[in-house]
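Structures given as structure tokens follow.
In the two complexes below, chain A is the common chain; its partner is chain B in one and chain C in the other.
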Partner chain A sequence: MQSDIDAIWLTLKLALFTSVLLMLIATPLAWKLSRWQHKAKNLVLAVVALPLVLPPTVLGFYLLVVFSPNAVAGELWQLITGEQLAFSFAGLVIGSLIYSLPFAVQPLYASFLQLDNRYIDVARTMGMSKWSRFRRIIMPICKPAFMVALGLSFAHTVGEFGVVLMIGGNIPGETQVLSIALFEHVEAMEYGKAHALAFGLLVFSFLLMALLYRYNRNGVTAWKS
Partner chain B sequence: MNRWIEKALCVLVVMFNVSAHADEQQVNIAVAANFAQPVKHFAEMFEKKTGIKPIITVSSSGTLYAQIQHGAPFDVFLSADALRPEKLVAEGLAEKQTLRTYATGRLALVSRSGAPDSLNAFVSRKFDKPVAIANPKLAPYGLAASQALGTLPPDAALPFRQVQGKNILQTYQYFTSGNVDDAFVAWSLVKRSNYSYLLIPDDFHAPIVQKMVIIKDNAHPYAARRFMQYLLSAKVQKSLMDWGYQSAGKR
Partner chain C sequence: MEVVVNTTGDNLSLNVRLDFPASARFVGLSGPSGAGKSTLLRCLAGLSRAAKVNGQWDALRIARVRTGLVFQDSLLFPHLSVGQNLLLAADFAKQQTHHFDEVVLGCKCHHLMTRMPETLSGGEAQRVAIARAILNSPAILLLDEPVSALDDSLKHEVLKYLATLSRGGLKILMVSHDLRELALYTDYMAWMDAGTMVHQGPSDNVLAELTSQLPGFEQRFSVFTGKLEAHLEEQNCYAIRCEGQLIYGRFPVIDGNEAMLTIDARDISVDREAANASSIVNGLESIIEGISDSQDGQLMLTLKTGQTQIFALISQLSQERLHFKVGETVTARFKLR
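For the complex of A and B:
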């Protein structure tokens, strides 16, 4: 039971780290993409969307290979931090960032595309700096999209399984997240414990989604009026 | 148009009937990951001999057990342990009189820096990477590994961190991908490799008895029995040593 509680905390921590970091990465990326016209744009969009369709085991497999201390990335990380990338929390965060990237980028990208450039042009002519244009124009108008991006990437990371299964190593308190603990209960025939976790996860995901949809609707109508 | 649909339906019905009654041309085998390689080899020989085609599904014993519980269409279940086939029998899902030991597994410690002479020598080494074992709750080889480590004097607090694979294949994968340098795996996985390994003496852990059983109400009862007999035949049992197993009879 204690290990299940540890798994829940670890999962929330992983989802929080991942979704906040993703907002920092996805916002400029989505903005650049929405204002970029080039033949290669479709290719970049396709790469961003890849985690949606790839089996997580593909991603997990590549990460396992790249994280190995024999590979360049794994070796560099070990040089800088002194720690191994596979079987570590940092490794899980990197995996989750890639895995949940489209869930953060796509709502933002769609919202930035719809954003009327005139607002920004007017703000610029009135002498607003880049940062305050973003903070006082773009952020408020696209707020629903930001909430959806944050919520979806959080929820998607909570539900992550395949990638963690490949690169985690099942260390309690460090890489044993909720879905892995659940998997272990099922495989070990502890169906009672499995039910408790599975049902909890189901209710949590439902509440989060319901909240997001509610927020989204209110946000969009508020914006239109 | 209606006619056409009718005809198509007729053809479909006939096709399905044929495949349902063309019985005993195939047999569906569910096999635990550690035994996948040998069973594929034996299946080929079996098909040559009998003309019956084995269709093989590989997964962990736990997953296969759960699938069979929920009606997965397997004829024979080759588990990595004795517990799960016995439970299926107790639950009335498998035929009691077909429960048999088909192999006994052996544990090996594979090491990139060269195999140690003994477990004691191993734990006196220095480690900068974790050591991989299979999850003791799920995998019989993981349980055996933790039992073997448990035989060491208790004051020898283990000098390494453990990481756990969900089954023995994933544990081995952690090793082959270079993420760990030492791993406790099935002898069958490393016996034919170029890696250096220590075969753990079999009195260091409870025997890894692997049992098989025929699932009740299956589609190919005759083929299932023939396959089972084939696995228990003297020829197959004798060759198990080459694959890294002891034959069913021997401890």
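For the complex of A and C:
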């Protein structure tokens, strides 16, 4: 029972870290992409969207390779932090960032595309700095998209399984997230405990989606993929 | 004022030299659709990175000073109320050159302050957009057909207010398709086509040139100026003494004692009877100076009374019936409006 509660906390912590960090990464990325006119744009969009269709185990496998202390990234991380990247919470966060990236970028990208550039022109003629324009004009106008991006990346990270299994393994309190705890209960034929977690996740996901749709009625959730 | 703008866009290359005396305050800009008027305003506002803008307007370096731009669509920030839109603009002004409440009143948006932009009519939104631009205290105000969505009386209220601001020192460049509007309010005017300036100079001169060159009669109109005699409040109009005769109008431009009225050529009828048995209020005795050839079944009569030239568009059918001749004395009539 205690391990289940640990798993819930760990999952929420992971989802929170991931979704907040993703906002910081996805916002400038989506903005650049929405204002970028270049042949390579479709290629970049495809790369960002890749986690939508890629089997999580494929992503997890390559991340595991990169995280290994024998690889440059893994070695560098170990040099700086003294810890291994694979099978650690930090590793999970990095994996989740990549895994949930399209869920944060797509709604923002669609919303930025729709945003009339002339609002920004007006703000520029009014002498507003880049940061003021973003904070006082762009962010409030695109607020529904920000909420959707945050909610979707949070929910998607909560439901992560394949990537975590590959790069995080199953260390209680460190890398054992909800879906993996659930999987373990099923393996051990503890259907009662499995049901509690599964049903909890179902209700949580439903409530979150209902909330997002209620909040955002003008169709930002119907993004193009 | 001498400003040179060069830019090359997707389908239009702009090569413009604006040349006005430093005293120019309210400058009009017109031309056919696609002439590059809006592009020119964007360049002057510093919104086009590719554009080279050089020059100054009365000691103000165009590329350096704060220029306000009012687009054809009002583009009020949709997440802010009218009042918040205006306050935001005032917040980012370098210095407060205008009194907030005065601007709000001048642009007739005092009753709209708590409304959200999506609930405004086109005309209301345009007025708020103009107020927002003014409250940002620009040195130069660029307006792209700012009053196109306003009805006549409001249009003239707002234009009068803009004229007042321009006399107070604000420099205004206004794009409009309505030459009458420009004739009434601007002191200088430019006409552009296909990315270049075709005419520019004092508004009267440019209008005279345009009138003689425009292929169709559609845009021709007469300008009546005179001494303002009275404001008839009950009848909701003004009496103006023009060339010794009294005429009446609802929306003359008034500058001190002087008043000015423009009437479209198609709104003027020509009458041999001098006695006023007509319901049409205005009648000016004048002499026919010229009769154009028929064009699409219509002729343009050029009349003159004193120094005032009057254009009247009549049908070929009328001419066949009435046989107007050059040198004949007639009455030019037009409704009070």
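Simple rule for what comes next: the second predicted complex is superposed on the first by the 217 of 225 C-alpha atoms of A that agree within 3 Å, B and C clash if a C-alpha of one lies under 4 Å from a C-alpha of the other, contacts with A are read in each partner's own complex, and residues count from 1 in each chain.
We adopt the following convention: a contact is a pair of C-beta atoms (placed from the backbone, for glycine too) under 8 Å apart; a residue touches a chain by one contact, two chains touch by 3 or more.
From a predicted model like this one, the values you see are computed outputs, not experimental measurements.
**Student:** After aligning the two structures on chain A, examine chain B and chain C and state clash or fit.
**Tutor:** These partners fit in the superposed model.
**Student:** Of chain B and chain C, which one touches more residues of chain A?
**Tutor:** Between chain B and chain C, the winner on chain A residue contacts is B.
**Student:** Would you sort A:116 into first (chain B), second (chain C), both or neither based on which partner it touches?
**Tutor:** second
**Student:** Taking the superposition on A as described, I'd like to know which of chain B and chain C A:40 touches: first, second, both or neither.
**Tutor:** Neither: A:40 stays clear of chain B and chain C.
**Student:** Given the touch rule stated above, what does A:188 touch, chain B (first), chain C (second), both, or neither?
**Tutor:** first
**Student:** Rounded to a whole Å, what is the shortest Cα gap between chain B and chain C in the overlaid structures?
**Tutor:** When the complexes share the chain A frame, the smallest chain B-chain C C-alpha distance is 51 Å.
**Student:** Contact residues on chain C for chain A in the complex?
**Tutor:** Answer in residue numbers: 42, 45-47, 66-69, 71, 73, 75, 77-80, 88-89, 92-94, 133, 136, 138.
**Student:** What residues of chain B sit close enough to touch chain A in their complex?
**Tutor:** For this pair, the touching residues of chain B are 60, 62-63, 65-66, 87, 129-130, 132, 135, 137-138, 161-166, 170, 173-174, 177-179.
**Student:** Could you please specify the touching residues of chain A with respect to chain B in the complex?
**Tutor:** It comes out as residues 64-65, 67-71, 74, 84, 86-87, 165-166, 169-171, 183-184, 186-189.
**Student:** Any idea which chain A residues touch chain C in the complex?
**Tutor:** It comes out as residues 116, 118-119, 121-122, 124-128, 132, 136-137, 140-141, 143.
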